[in-house]
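Consider the two complexes below, in which chain A is the common component and chain B and chain C are the respective partners.
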Partner chain A sequence: MVSGGRWRFPLQLAPLVAAGLLWEAFGAAGIIPENRLPPPSHVLSGLAEMVTRGLPPGSHLLGHCVASLRRVLGGVVAALAVGIPLGLLMGRSAWLRSLVNPFVELLRPIPPLAWVPLAILWLGIGDGSAVFIIFLGAFFPILLNTVAGVRAIERGLIEAAIILGASRRELFLKVLAPGALPATITGVRIAIGVGWMTLVAAEFTGVKSGYGLGYMIMTARDIQRADQIVAGMLVIGLIGFAMDALIRAAERRLLRWR
Partner chain B sequence: MNRAVVLLLSLALFAAAAPAAAAGEKLRLGYLRSDLHHLAAWVGIEKGFFRDEGLEVETAGIFNAGAEEMSAFASKGIDVGYLGMAPSVTGVANRAASVKAAALANAEGSAIVVRADSPLRQVKDLAGKTVAIPGYASVQDFLLHRALEAAGLAAGAVKIIVVKPPEMITALESSQIDAFIAWEPHATKAVTKGVGRVLLPSSQIWPGHPCCVVAFEGSVARDRPAAVQAFLKAHARATAFILANTEEAVRIGVQYTGMDEKTVRAALGNITYRTELERAPVREYASYLARLGYIKETDPDAILREYLDPAGLVKDARP
Partner chain C sequence: MELRVEGVEKGFPGTSGDAGRLILGGVSFAAPDGGIVCVLGPSGCGKTTLLRIIAGLERADRGRVTIGDRVVSGTMREIGYITQETTLLPWRTVLSNVELGLEFAGVSPAQRRATARRCLELVELAGFDGYHLKQISGGMKQKVALARALAVEPRVLLMDEPFAALDAQTRNALQEVLLHVLERTRTTVVFVTHNVDEAVFLGDRVVCMTAQPTRVGKSVEVRVPRPRDRTGPELNALRKELLAFLAEQRLNSRTAPVEADLQPPGAAAGSPGTLPNEARAK
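Let's look at the complex of A and B:
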């Protein structure tokens, strides 16, 4: 952070800009056929069209972003609400671990997308099934990282807290939760990444509101506009990048004590 | 007497086919999953009609949507495919892929379906309801818009969303949607399953409307006329076979869609199998796609020149 200062960000962008220019040049020279990969200039005009006219016409880009973000946050928050308390308890209790672990190990390898048909059967094609599928993708990284975080806390620390008369509640809130926090945050970062990836595919099946970035890309595919498919992917990449940057900033604040 | 005519006809076709002009030519075929409109392709494979023309036809792709199949054309992963007129015209107009439509696969064969116990009785009643289509710029998207217009409903009076056909019946049953429009056998499946009722068959939306086509990848249409002609001959023979041998056609339809015999038999009755392509309906699809803002090239004559293969089974091939 110290060296470079405010020049760091533009410098980081330099390889991207260079790659973009090269890509444009390859497109203009006809080396990359337009129907395989349209050049950046076409992608940008496709993006502009998604803002002004919408895709499908009438459904604008902002609406797609908001709908997708809502689904991802809904799924991740639900995963946090279940995953952190359960993870703390499992990290502390060997008995609970041996009870829950077989289920975790059985369900975890199932790709969230394999749940799509069931999710639609149970929750319909609305937001509910998208949130459920994202929850499934986000839950396991949060749970497992929290469990590992608790188990990595020095035993002496926990014993000292107990000897000094900490109540169960105090032990969880003041020792275990903060101690596991670095690992939990890593879990959250993975979870949001997985959730974001899962979302797009979940929206491919159809959404009731007609909004969502995955739905938008599917529409671009339907009307066979490669420029808008790439533009949609770019938007997803940018939002994912911004979300990860936000978490890293939050991580630095939350873990100042380290 | 009918049987004798059919026998003579097939003998004549067989005799004509004997000197295989396309000996040893290989074509990679694509079609849509469980789409009964593409029955002629399956009959051609099962009955050896392609082989009789000296063609080696290999199924190289089974797709969920016409747009996906167009991507396979773009990457030259398939040489010939059965797919909807709307997605193929869209792909040509947006320069996503070069294909030439050379024959019709079927006409009609879609339907708007509502719940069996639905109070909806006519298209006008769909105002304010949610209707599912299998994809934007699909034949069904077009048919629904046409039906709504004919009923005097403005665009936007109905909420149109995309739900993929396998999910449509579940979505209808659980009241997620109020209606859907789909190709056969999905429309009939909803009825035989007791979930749905046909509100309007596509034969009443646009009588005799063309639906799916046989299209060749651009360079195949240009450079391999013998293979194209051989394929079209087998396609025409398979189409004639479907019309003459319902029982066998149903059996093959069951085999390829995985649906029950009752559904396939009923669905078959809603599809018109014919091979002749006409220019006027292609123009109509093109102007609708342009009006909805789906395509970049909006001059219908330019699209027709790109899209129709004059060497195929195209009526009045010249503009």
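Let's look at the complex of A and C:
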């Protein structure tokens, strides 16, 4: 493959670099006013300041990243732990599907952020309610994709396993779970995206520990540092990109058979 | 182990006022221990339904299936089942697909690997252990399916048009592999096919189905020693006989719905080419 391999990454990077240079030039020429959108050079120096001094001073960027990552992962892992088993069962049992689906369809359209007041009432301000809200956002994509994944498994595969003597447990672990895996992974990718969106918004409403990327961006707003607002956004984008790349790498490994 | 199918009936419930349809109208035949019975019938005659009932995947409305002295009431490991569409697990390699049934039986990893390798050798697929299914041909997949079914040592093997999707040469090769394997395992086989050549080449007995509601219309013993000559006079004669029977069934199934009230049965047989269409037009 000519387009793959060694040259793919530089080729993908080139347009980004070009856009950055253009943005910088527009800023320098005064076409984009500094107070509306600071040029990349200012954003980068703002970013450097967040690493060295911290925002607010003393709260370093790494700490914000770790705090936010922990919340996202906590919520997504909880969503996996509930969503996959329930999804496998629902995919197999029409009875369970018709029992659970009305709840799913009723709860799913509610934006996770609408749960913030209740989450704070139940779990207080802090990581507990953040994880809970992310769980709500991540749960449905994982559940629904897993259900669809199980239902897409050909009946013949399942019957063959049953004829070969699969127990219920073995059927779930060795046929349904791996068969649904491609769909489940798609669900996880969506879930992580939703998780970040939800998290940052949730952190806008306040955090207890003083750490979190959303909280950091709000702090930058309060002191009117547009460069650091943009820098915070950039960090979130980069982390999201990196996580998706990790999942895609894992997907390639796990689904090599495809 | 001997397999007996006794008076099996199966209908599908009708929709909105329709009384429903009888698919299997009392099918009976037996496959002696170690014998190969080929079930031959026009397409859509319910052969797959019959095999699914024997496999315990579906229940008969009436009649029963026994292997040895046990009545089949659900799936069991003693009955293997191979279909036309591959039912191998695509995320597993060739070897671990063959190991599947042994895993379910709780066989130790070392032992099931050894058994699986032996079965792959038996179907002439030694050396393909680590291949993924996307890397092997349709014919090879059916060999893997055969190896997987044999690995758990079933007493009866049900085969539902397993070679129908393969090209003629591959099909012939697989038929020979199958016979070679069965010589060793002595498994009782029920082999469903719509292919007369295949039926007479493989079967110790060929059971012919009528059109719906399906019953056994003709049962012929193939008294030709193996290795059989595909184009020899014995098989040719048999082929002719069976093809004639199938043609007759086809005709019956076309005229059946109308002949009851429009035509006396004799008239339908008189001018086979045109009558069905005329009858339908009325």
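The rule we apply is simple: the second predicted complex is superposed on the first by the 254 of 258 C-alpha atoms of A that agree within 3 Å, B and C clash if a C-alpha of one lies under 4 Å from a C-alpha of the other, contacts with A are read in each partner's own complex, and residues count from 1 in each chain.
Throughout what follows, contacts are C-beta pairs under 8 Å (C-beta built on N, C-alpha and C of every residue); 3 or more make two chains touch, one makes a residue touch a chain.
Please read these numbers as outputs of a predicted model, since none were measured by experiment.
In the superposition on chain A, A:89 makes contact with neither chain B nor chain C.
Contact comparison for chain A: of chain B and chain C, B touches the greater number of residues.
Residue contacts after overlaying the shared chain place A:162 against chain C, while chain B stays out of touching range.
Of the two partner chains placed around the shared chain by superposition, chain C is the only one that A:170 touches, whereas chain B remains out of contact. In the overlay built on the shared chain, the residue A:190 is in contact with neither chain B nor chain C. Contacts of A:44 after superposition: neither chain B nor chain C is touched.
In the overlay built on the shared chain, the residue A:219 is in contact with chain B alone; chain C does not reach it. Comparing the two interfaces of chain A, the one with chain B and the one with chain C have no residue in common. On the chain C side of its complex with chain A, the touching residues are 55-57, 75, 77, 79-81, 83, 85, 87-92, 100-101, 103-105, 132-134, 148, 152.
Those residues of chain A that touch chain B in the shared complex are 34-36, 53, 56-58, 117, 120-121, 124-126, 205-210, 215, 218-219, 221-226. Looking at the complex, you find that chain A touches chain C at residues 154, 156-157, 159-167, 170, 174-175, 178-179, 181, 255-258. Across the complex, chain B meets chain A through its residues 65, 67-68, 70-71, 74-75, 87, 90-91, 94-97, 130, 132, 135-138, 156, 159-164, 167, 170-171, 174, 176-177, 292-296.
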